[in-house]
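Below are structures written as structure tokens.
Both of the next two complexes hold chain A, though its partner changes from chain B to chain C.
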Partner chain A sequence: MRTEFIRIYKSVHTWTGILSGLALFIAFYAGALTVFKEEIVRWAAPPAAIAATDLAQAHELIARTLAEHPEAARDFKLHLQPAEHLPAPMSWSIKPPDADEHDSLAGRHYLATLDAAGLPAVSETQPSQLGELIDILHRVVGLPFDNDPNRWLMGVIAVLYALALISGVIVLLPSLVKDLFALRVGKNLKRMWLDAHNVVGFISLPFHVVFALTAAVFAFHDGLYALQDHLLYDGRIKEMLRPVGGAKPQARSFDPATMLPPAELVARVQAVVPDFVPDTLQYLQATGPRPVVRVWGHDPQAISPRAPGGFAVVDPYGGRLLSTDYLPGKQDAASTTVSSFFALHFATFGGTPVRWMYFLLGLAGAWLFYSGNLLWIESRRRKQRAENAAPEQRRDFRLLGALTIGTCLGCISGISFAIVAAKGLHGRVDDLNAWLWYVYYACFFAAIGWAFNRGAARAAVDLLWLSAGATLAIPLSSLLALLWPALGLWVNLSTASLGVDVTALLGSLALAWMARETARRARIGPQDSVWSDTQMRNRDTVS
Partner chain B sequence: MGAGLALLLGGCLLIYLASPNQRWRARPLAGMPGRTAGALLLALALYQLQHGMQGVAAVFTWSLGVMLALTLLPFLSALFHVYRGR
Partner chain C sequence: MTKPISSIRRDWVAKTLAGLLLGLVLALAGSGLFVHFASGIGSSVRVQLAMWLVMPVWLGVLGGSYFFHSGARAWLWLGAAAILLVGALASVRLL
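For the complex of A and B:
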């Protein structure tokens, strides 16, 4: 391939990477954590104030609750598997008509259980926004609102990301075979960063291609659907895509007391797919003319078509299986093809081992964007000549170095502090969900300010220690809850919750190791680097 | 799934160790036999994963496993190399 072509693609790769890299770091770091979103929410969930109801009583609970709260019949859920963040077996939300359909926390939320006398006990609740905070940061590259303009911005970033991937591979082609798996650690720092960047970028390329494509489609999908609806479906796309099956609207309303028991509905689905593990029954229009129940769950051996899993549609009164279009392992070839894109983005196949693979590849992806910025700086820094003093580096290198450090480590420490705040501020502030955002952004912007104020080299050490400390505070808060109950903290002892503690502990150790190594580089690394710290060197010399 | 993932890890390890750029051993494994044995283990891993898994889920799991293992191996061996040299 001609050198001039390579040079053009190198420029494209550099500038698309620089423009999108920091946004993609946030998307990937928060995205890696989103894989374990439910576990994080379970870790932070306070001890349940309401006693859970035995599922054998669920039929009674539904009938009695709907008799007192008929408004719930439009859309309510029955949770089959108890968890810390689901303190009652039945829940529903009343959303304002103008609520964004992507905002799952909009409106008022209710829980229902049966009290000791067998009467429905209904309470209003405020679900924790912790999981949503991390997910929103992931979906809209660190912005606080998951709305159309921010999603479009994410779409533009995803397009730049795709361009960076294509151009990066083309630049790599001439030396691909010779340098495959090469990671040369030595005095040539540029070589080392380039090798490391290439190893992650090239070997996990299919993973990144999937994310670039799906992120772009998710960002623009409302617009794409609207266009399809207008041009192809004559305004009937919602009706055509509704996963209801063959149920015909009835000219009468139904009495929820005559619905089949939930255990019976679950049995009807498991008779078709024995490996399917149901976790939620979602009743839609339970007393209306077209009642259905979606039996949601997972089958780790098959791909699930949506982030919460897959579902079968059942008639709650007759028990007939109405649709398996969204049921893992039972989709036709066309639906499986479309579902594959969702499954590949949301890690909804293969169970826990695959979720760990996504988590690690997600973190590796975040590191890829961070290293891209480092490479840009490393490639352009002014070199020291022989015995001369280290040259002053260009202002734009110093600024990009500080911005990279501040943004990446601000995101890491901000998310860790937000997780800790979800437990530490519970019951101590009026609007905990708002406070989670305040904590995240206060930390994020303070880190950026600190990086510009102190310079990249020193701020990198400070902020890595801050990130290590913030992440260590997650398991530490659990330990404090065990040792000192008077603090008002709590610890959840499920495997999911303890898994968060252990992962955070390992993460904090990794960050502490990076802080130590970064400090070492600042002291004894090349003096003509933006990562060299003169003050630390001088201090070492004096001592 | 465990057996499939173990075969996959073994296959990736052989392919990595047969590369001239590997840093785990003083000398790489013989190229062609190492790569062939690695590819064979990877094929067995896919076969093993497809037992009891939907085909498309097995292929996705296999691909992810290969990407993760081949990404991590150069870093782990570089770390090993650096700490051994200090």
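For the complex of A and C:
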């Protein structure tokens, strides 16, 4: 390959990387946490008596609740495994008609269970937005609203990301064998960081290709469908997309009391797919002309078609299996191909080990973008030194350094503080969900301001300690809850919730280690670096 | 046949636009051909696969467009490919 092309692609890599790197850092860090979104929400969920679902009673619960609340029949769920954040077996939401399809928290939310006397006890509930906060930051590059313009912005970032991947591989290819298996740890720090950037980038390349493509598709699929509808399907795309598998249910009267018991519906599905582990029964139009139940769940042996898992469609009255189009392991080859795109993005295959792998790869990805920005600064620093013996660094390097530090560490500490606030502010403020956003953005912008004010080198140390502290506060709040119950904190003792505590503890240790190393480098590292304290001291004495 | 290295022009805007616009045309035409020939797949899944097909082709063309020696050549080659593909699609749909 001509060296000239390598140089051209190096420019492509540099500029697409610089333009998208910080947004991608947020997308990847928040995305890694989104893998364990439910566990984080369960960690923060206030204490409640979890009413275990007694499948024998569930039939009665549904019939009696629907008799009192017919409006729930449109779309309600029966949770087979209630947890901290969903303490009752039955739930439904009444959404305003103009709610965005992605806004799962819009409207009013209700829970129902049977009380001791066997009567339905219905209560309104306000689901925590903590999981959505992390997920929305992940989906729309750190912005607070998941709407069309923000999704398109994310799409542009994904396109830049794809270009950065293609160009990065092209730049690396000629020296691949020489560079890939060499991590030259030594005096030349820039070489070491570049080697590390290359090896992490290249080894996780398949993972990144998946994310660049799926993220671009998720951002632009509405537009692409509209274009194709116009060009290829003569405006008939809606009817073409409608699933075929929809045998009509047989029942004539739609009285919920005559529905089959949930245990029976679950049994009918498991007769077809024995490995399938159902977790939720979603009843749609239970009293309408086309009543169906989606039996949602996971199959560790198969890939799940969508983010929440996969489902079988069952007739709740006759018990017939109406469709297996979205049932893991029962899809045809073409549907499985489409499902695999979703599964590869949402880590909904292979169970918990794969989710941990995605978590770690997500963090590695975040590090990749962070190190990319640092390399940009470092490479330009060297050029600077050759021209000028007294290396006062150029202003734009200092600013990009500060912006990188402030954005990345502001995001890390902001999310940690928001998680802590979900517990710490519970019952102390009126609108907890709004406060989570205030806490996140206050921390995020304060970190950026601090980084500009103090300069990258010093702020990096401060903000790494802040991130370590904020993350340590997660397990610390659990410990405090155990030691001083009078504080009004609480600790959930499920494996999921304790897993969050342990992971946060390890994360805070890692951040503290980075803070110590960064401080050491600022003191004794090369003095012409933006990461050196000396730079800052020089500027202080000048001004 | 060795041209001097300086014969490669950067032409950032022209190459990027060629990759973006003609890449989209190529990708859409390609997805159209897929829809036509993959008629054995159920319509709902076929429509979804055809949509998923657009991005890899589009981004692949965009990513490769800087390998052209100049912006003009990028437009020429990608334009020719686009005419070919759109022509192929139009003829299979009409026949």
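As a working rule, the second predicted complex is superposed on the first by the 496 of 543 C-alpha atoms of A that agree within 3 Å, B and C clash if a C-alpha of one lies under 4 Å from a C-alpha of the other, contacts with A are read in each partner's own complex, and residues count from 1 in each chain.
Everything below uses one rule, namely that a residue touches a chain if its C-beta (ideal position, glycine included) is under 8 Å from a C-beta of that chain, and two chains touch if they have at least 3 such contacts.
For clarity, every value in this text was computed on a predicted model and none was experimentally measured.
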Touched partner set for A:A473, first chain B, second chain C, both or neither: neither
Which of chain B and chain C A:A519 touches, first, second, both or neither: neither
Which of chain B and chain C A:V338 touches, first, second, both or neither: second
Chain B versus chain C as contact partner of A:L160, first or second or both or neither: neither
Touching partner for A:L232 - first (chain B), second (chain C), both, neither: second
Which superposed partner A:V292 touches (first chain B, second chain C, both, neither): neither
Which of chain B and chain C A:L361 touches, first, second, both or neither: first
First (chain B), second (chain C), both or neither touched by A:Q301: first
Chain A-facing residues of chain C, complex: 5, 8, 10, 28, 31-32, 35, 41-52, 54-56, 59-60, 62-64, 66-67
Residue numbers on chain B that touch chain A, as the complex places them: 1, 5, 16, 19, 21-23, 52-54, 56-57, 60-61, 63-65, 67-68, 70-75, 77-78, 81-82
Chain C-facing residues of chain A, complex: 2-5, 8-9, 11-12, 159, 162-163, 166-167, 212-213, 216-217, 220-221, 224-225, 227-228, 231-233, 237, 240-244, 332, 334-335, 337-338, 341
Parts of chain A lying in touch with chain B, wherever the complex brings them together: 179-183, 185, 196, 199-200, 203-204, 206-207, 301-303, 328-329, 336, 340, 343-344, 349-351, 353-354, 357-358, 360-361, 364
